[in-house]
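By written order: A, B, C, D, E, F, G, H, I and J. Residues from 1 in each chain.
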Amino acid sequence: MTRMDLVEQIVAAKLERKLTWRQLAEAVGRSEVWTTSALLGQQCMSADEAAAAGNLLGLSQEEVRLLQVPPSKGSLGATPPTDPLIYRFHEIVQVYGTTLKELIHEKMGDGIMSAIDFEMSVDKVPDAKGDRVRVVMNGKFLPYRKW
Amino acid sequence: MTRMDLVEQIVAAKLERKLTWRQLAEAVGRSEVWTTSALLGQQCMSADEAAAAGNLLGLSQEEVRLLQVPPSKGSLGATPPTDPLIYRFHEIVQVYGTTLKELIHEKMGDGIMSAIDFEMSVDKVPDAKGDRVRVVMNGKFLPYRKW
Amino acid sequence: MTRMDLVEQIVAAKLERKLTWRQLAEAVGRSEVWTTSALLGQQCMSADEAAAAGNLLGLSQEEVRLLQVPPSKGSLGATPPTDPLIYRFHEIVQVYGTTLKELIHEKMGDGIMSAIDFEMSVDKVPDAKGDRVRVVMNGKFLPYRKW
Amino acid sequence: MTRMDLVEQIVAAKLERKLTWRQLAEAVGRSEVWTTSALLGQQCMSADEAAAAGNLLGLSQEEVRLLQVPPSKGSLGATPPTDPLIYRFHEIVQVYGTTLKELIHEKMGDGIMSAIDFEMSVDKVPDAKGDRVRVVMNGKFLPYRKW
Amino acid sequence: MTRMDLVEQIVAAKLERKLTWRQLAEAVGRSEVWTTSALLGQQCMSADEAAAAGNLLGLSQEEVRLLQVPPSKGSLGATPPTDPLIYRFHEIVQVYGTTLKELIHEKMGDGIMSAIDFEMSVDKVPDAKGDRVRVVMNGKFLPYRKW
Amino acid sequence: MTRMDLVEQIVAAKLERKLTWRQLAEAVGRSEVWTTSALLGQQCMSADEAAAAGNLLGLSQEEVRLLQVPPSKGSLGATPPTDPLIYRFHEIVQVYGTTLKELIHEKMGDGIMSAIDFEMSVDKVPDAKGDRVRVVMNGKFLPYRKW
Amino acid sequence: MTRMDLVEQIVAAKLERKLTWRQLAEAVGRSEVWTTSALLGQQCMSADEAAAAGNLLGLSQEEVRLLQVPPSKGSLGATPPTDPLIYRFHEIVQVYGTTLKELIHEKMGDGIMSAIDFEMSVDKVPDAKGDRVRVVMNGKFLPYRKW
Amino acid sequence: MTRMDLVEQIVAAKLERKLTWRQLAEAVGRSEVWTTSALLGQQCMSADEAAAAGNLLGLSQEEVRLLQVPPSKGSLGATPPTDPLIYRFHEIVQVYGTTLKELIHEKMGDGIMSAIDFEMSVDKVPDAKGDRVRVVMNGKFLPYRKW
Amino acid sequence: MTRMDLVEQIVAAKLERKLTWRQLAEAVGRSEVWTTSALLGQQCMSADEAAAAGNLLGLSQEEVRLLQVPPSKGSLGATPPTDPLIYRFHEIVQVYGTTLKELIHEKMGDGIMSAIDFEMSVDKVPDAKGDRVRVVMNGKFLPYRKW
Amino acid sequence: MTRMDLVEQIVAAKLERKLTWRQLAEAVGRSEVWTTSALLGQQCMSADEAAAAGNLLGLSQEEVRLLQVPPSKGSLGATPPTDPLIYRFHEIVQVYGTTLKELIHEKMGDGIMSAIDFEMSVDKVPDAKGDRVRVVMNGKFLPYRKW
C-alpha cells in the first residue's frame, strides 16, 4: 500500500461516512488546514492523532501506522496545476512573486518566509456583494546566514 | 521601450534615489502590495497614480504613459521559480494545494477564490522566538455557473 | 474508484445504451455543454441531476454520489493537446490570444473574462459551401481590484 | 527588422497617437478582431489594407511592405500563458476540450472546426449584475477524408 | 476497454493470424495508409468497414463498435519521438518546416495544407543503388479567411 | 555574423528585391525545395551555387563564404511548432507516425527512410473543389545492420 | 504482452538461469552488443536467432515470435537519463557534440554518420592505473543529397 | 566577452584564415578532438597551448587568457539536439544506452566509464561500399565505492 | 518483480518489523548512507550483504538475488523534486553550483569531484539554538584528461 | 545594469587582476564559499563587505551599491545543469535524495535541513591515491510545525 493508495481510501471513506474535514480536525485535535493536509498525505501524524482519524474513517492498523511515517510531499500531479481553484494560487505566485520578494526584503532584510515553521488558515468571509475567501499564511522569517 | 525595460529602470531609480516601496505607495495613495506590483509591471495605474509615482522616480512622459497600459502579467522567469523566497510560495501551493481545494469546497461549494477581485497584504509580526511574516489573501468566492 | 474510472464507465455505458449527450442533457435539465462536461468529470452535479443521469446510464449508488463531488478539473492528457479537434482551439488561443487581450482591455478596461461565471454553447450552422461550427462563450467581466 | 520589432513599433505608435483598434479596423475596412490580429503579427494584409494602417500609424514603406508577408504565427511567449486574461482561454480548452470534441462529433461526425476558415468576434454585453464578455467563434466544419 | 487496449489487441491478433495491413485494407475496401491508421486508433470506421476488419481479426461485438467511435488522436508517446524511423519524419519537419512554409505561401498565398482533408500513400521504389521509400501527401489548400 | 543573421538578411533582401524562391532556385541550378532550405540555413552550398545566390541577393564576400559552411540544422524555434502551416506537418507525424512505421516495415523490413539521402518536392494541384498541395518525399531505405 | 513485458521477462529469466549476455550472443551467432540490444527490445531478430535465444531463456512460442517484430525503439525512460553510467554517454554528446560535427565535416564534407548502418563494440582494456572501457562506433557516412 | 563570444570569434577567424582543425591541433600539440573541443569552449588550455592557437587565429591577449579558464561546459543549445549529425549520437544513447549499461556491468562490475579521464578519436574509414566514420571512446572504469 | 517493487516491499517490511536504517547498516556491515541507498535501489550489494539485509527484512531468495544486480539509478520521480527536504538540496545546487565550480577549480584545477568514488555521511549536531544537520561529501578529484 | 552584468564584470576583473576567491574572501572578512557566492550574485553584502570587494576589483559606486541589494537567486542556466562538475552534485541529489530523506527523518523526525540558516565549506584533501574534494554542509534542522 503506497501513500497515494491510502489518500484515495481516506477520501472514499470520508465520502461514504459523510464526514467533514472539520469533524476530522476536531477528532484529531488540530486545525482544519493541518489535519486535511495530513490526511491528504502531506504531513506526519502522532500515534494519537492517527488513531483518532483512523477511528472515524475506519482505517486498519497498517493504515494508521502509515499515517505516522513522514510522507514524500507534493500534492499536485502537474506543473502548473490544471485545476482552476489551485491554479489561481499558482497565478498569485506568478503575478505577485516579485512583489512578495521586494516587500519582505524591505521590511525584514535578506531572508525568506519559512514554509516549514508555517501555519495557514482558510476562512469564509460573508459579504453582501458576494462572499469572500480569506487565506492567512504565517511563517517564521529566516535570515540568510553569513559565515 | 518594453514593459520589462521600464521595470528595470524603476528598480534602478528607486535604488539610486533611496526610495522605499512604502514611500512610493503613500505617494500613489494605494497599498504597498498593489503599488509594488504595479511598478513591477503587473498592474495598470490611473493617470494620477502614474504621475505621482513618475514624479518620485523621475520618469519621462512616455514612461508615465506606459504605466497606464494593461501589462502582460506574469513576473517569474522560470517555472518553478529558482529564487528561494519565491520558491517557498510555490512549495506552499505544491504541499497545500489539494488542502485549499478541499476546504474551500467544504465551506463554500464548487467554485474558486478569485485572483482578480483580490487583495493581499504582507506584514512583519515581531516574535520573541524569531520574527514572522504574515501574508493575508482575500479574494471573492466565485461559484461555478450552471446553465 | 477514481473520477477517471467513472468517466470511462460513463462513456462506455453511453456507447452501449446508444444514448446521445443531448438525451442526457434533457434528462438532467441542463444545457448540452454543461451536462457533457459534468459527465466527463469537469463539473459537480446536484443530487437530482446526478440521479437523472445515473438512471439513464445505469450507474450505481456510489457512482451517483461521486458525481456530486467537486472534481479535480482539467481534461487534457498533454499540453499542447495532440488531438486535432482540440488542438485547433489551442491554436486559436496561440494565434488570437494577444488580440483577445487587446480588445477586451479596449472595450472594458483592465480585467479578465471569467471562466467560472461562464457559459458556452456549440452549434451546427448549415451552410451551402460546407456546414460550420459556431461556439459562443459568455463570461462575466471581472475588473482588477485596486486597494 | 523582424516581425516582432514591427509589432512593438505598432503598439508604441498606437499608444502615442492615441488610436484605438476600432479606428484602425475602420480604416483598414476589416473587423476589429482580424485587424488587431494582423497588426499584432498574426495575419497577412493586402497592399491597400497595409497602406491604410500604415497611414494612421505613421509606418515606413518597408514596414508597410512587411505587413503583406505571411507571418510566422503564434503570439504567446510561454505555454501555458502566464497572463491571467489569456490563461482563462487556455483553461477553457483544458476544462471543456473533451466536451467540445464530444459535441462536435455528435452533431457533425468525425472532423474538426477549422481555425483557418474561421471568424471570431469579441463584444461587451451590458448586464446589471456585472457586464459580460461574449466571444463568438465560427469555423468551417472539415470532415476527415477517407481514401 | 480503452482505445489503446483495442489497438494492442489488434496488433496481437494480426501477428497471431499472420495478417498483413494490405490484406486488412483490401477487406475494408480502403487504402493501406487509411486502414492501418484506423486500426491503430487514429480514424473512425463505418459499420461495414469495422465489421470487415473485425471479421479477419476475430474481434468481439464491443470491439467492432468501438472502431466506429471518433478516437482521441495522436499516436506518439513522446515528443520528439524516440523511434528512429518516426524521428526521421520529425527531423524533416525540423529541417524543412520553414521551407515548406515559404514555398506554399509563394505558390498559393497565405493559408495551410489541411491535415484533415488529406491523403497519404507510402510506396517502395526499387532502385539499383538501394531501394527507396516514397511518401506522397496530398491535402486541400485552405486560405486564411479575412472578415 | 551568425547563420541566423545571414538568414534574416537573405529574407529581407529577397523581399526588397522582389525575388521569388523559384528565381533563386533557377539561378542556383537546384530544385526549389533544396535552394530554399539552403538559403534558410539548412543546407551547405558549393562555391558556384553560393555565388549565384549571392549575386541575385546582393550578398557580401563573407556572406557568400558562410553559405558554404555546413550549418547547424533545425529551423523551428519551438517544439511543437506554433505556426499553423508548420504544425499541420507535425500533426501528420503525430497522427500517422505509427502507420508509417508499420507500412515501411511491412513493405521493406526493419529499417528507416533516410532524411539525408532524401529529396522532396512541393506542388500546387489545381482542383475544382479547391486547390490542393502535394508534397512528395523520397528517401533511401536504410536497413538496420546486424553484426 | 507488450515488448516491455517481454524485456522484463528476459532480464528475469537471464538472472534466474545465471546466463551472461556473452552466452546468449554466442547462441544467437551475433555480437554481444547487437544481441543484447535485440533482447532489450531495440532490434528485430530472424526466426533462427529468436529461436536460439528463446531456447536458452525458456521463452514461449508467442514470445519467440514477438522477438521477430520490429520494435518501437528508444530504451531510456527519461531525457536526460538519470542513471550515472548512461548519463556519462549523454554528457559526452553534450560536451563533444559540436566537436564531432566539426571534425566529421572537415574530414568528409556535409553529411552524417548513420546510426542505422552502424556497428558498436564495448571492451574492457586492462590498465595498471585502472582498467578502462573502450567503445568503438562505426557507421556509414551519408552525404546530404542535393537535387 | 563571454566564452560563447570567443567561440564565435574563433569559428569566424578559422573560416576567414582558411585554417583546419587539424592545423590548429598540430600547432597546439594535442589531438584533433581535444583541440577542437577546447577551441569550441569545452576544455581549458595551458598558457603555451592557448598562445599557439591564438597565434594562428590572431586572437588578442585577453582572448588567449580566456582560453586558460575552465569553461562552463555543455555545447548543445537544445535537448534533444536538432542538428541531424549530433542527433544521431543522441539516438545511439537512446537505442543502445541500456545495452552499454548491461555489458559494462557484465564485463567490469557496478561502476561507470568516466567522461573526464576520457579520450576520443574520430576517423574516416575508406570503404568501397561507402566510406565510414569510426569513433573510438576510451574512458577509465570507475567502480562504485562502498563504505 | 521490478526494482521499484522490491524497494516498496523493503520499506513496508522495515515499517512492519520496526527496524531502523542503522540496524540494517550494522547487520550489513556498511555505513548508514550506503546501506540505505542500496536498500532504496541505488547500489549493488554483495551476496553476503544482501543475505544479511534479507534476513532482517524477511526477503525471499529471488529478492536477495535482485539486490545483487546493478540497478538503474536515480531515485527522484520529478525534476526538480517536489518534496521540501529533497528540494533544499536541489536549491543548494541551484544557489551554490557556480560557487562550487569556481572554488574546486581554484583549489585543484580543471576537473570534477567524482560522484562514484564518493562517500557521504549524515549526522545530527546538537545545538542549543536548534539542532543542526551535517552532511559531509567526500569524492575523488578527477582532473580532465588531455590527449 | 542587471545583476548578471555585474557578475560578468566581476569575473572579468578578477581574471584581469589575477585575484583569487581566497584573496577576495580575506578582504571581505567572510569564508571563501560565502564570498564567492555573494560575488557570483547569490548573496547580499553589507556596505563594508561590498566596499572591500569593490576596492580589490575596481568596481564603481553604483556596482558597490548593487552588491548590497538582495539578488534574485539561482545560478544555473539549465535544469539539469550541463556542466559536468555541477552535474555531479545534481546526480548526488538524484541518487541519494531519498536516502537523505530517510536518514534525516530517522535521526531527527519530520522536518528539513535549512538551506538558508546554512553554511558550507569546500576543501582539498591530499591523498596518495589521488586527491579528494571534501564538501561539508551544515544547516539548521527545522521541524514541521503542527497547529
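One rule holds for everything that comes next: a residue touches a chain if its C-beta (ideal position, glycine included) is under 8 Å from a C-beta of that chain, and two chains touch if they have at least 3 such contacts.
Keep in mind that this is a model prediction, so the values were computed, not measured.
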item: Option reproducing the contacts of G-J, where over half of them reappear, out of B-J, A-B or B-I; value: B-I
item: Result of counting contacting C-beta pairs for A-I and F-G, higher pair; value: F-G
item: Whole-Å gap between the CA centroids of chain C and chain D; value: 23
item: Inter-chain centre distance, chain D versus chain I - centres from mean C-alpha coordinates, in Å; value: 53
item: Between chain F and chain C, distance of the C-alpha-averaged centres to the nearest whole Å; value: 41
item: Chain I residues counted as touching two or more neighbouring chains; value: 33, 72-74, 76, 80-84, 91, 94-95, 101, 105, 111-112, 114-116, 118, 142
item: Chain I-touching residues of chain J, taken from the complex the two chains share; value: 20-22, 32-33, 36-37, 40, 42, 73-76, 79-81, 83-86, 88-108, 111-115, 118, 120, 122-125, 127, 129-142
item: Chain A partner contacts - residues on chain J that touch it in the complex; value: 30-31, 33-34, 43-44, 70, 72, 101, 105, 109-112, 114, 116-119, 142-147
item: Chain B contact footprint on chain J (complex, rising order); value: 1-2, 62, 65-66, 69, 72-74, 76, 115-116
item: Residue numbers on chain H that touch chain E, as the complex places them; value: 80, 82, 84, 87, 91, 94-95
item: Residue ranges of chain G touching chain I (in the complex, touch as defined); value: 8, 12, 15-16, 78, 81-84
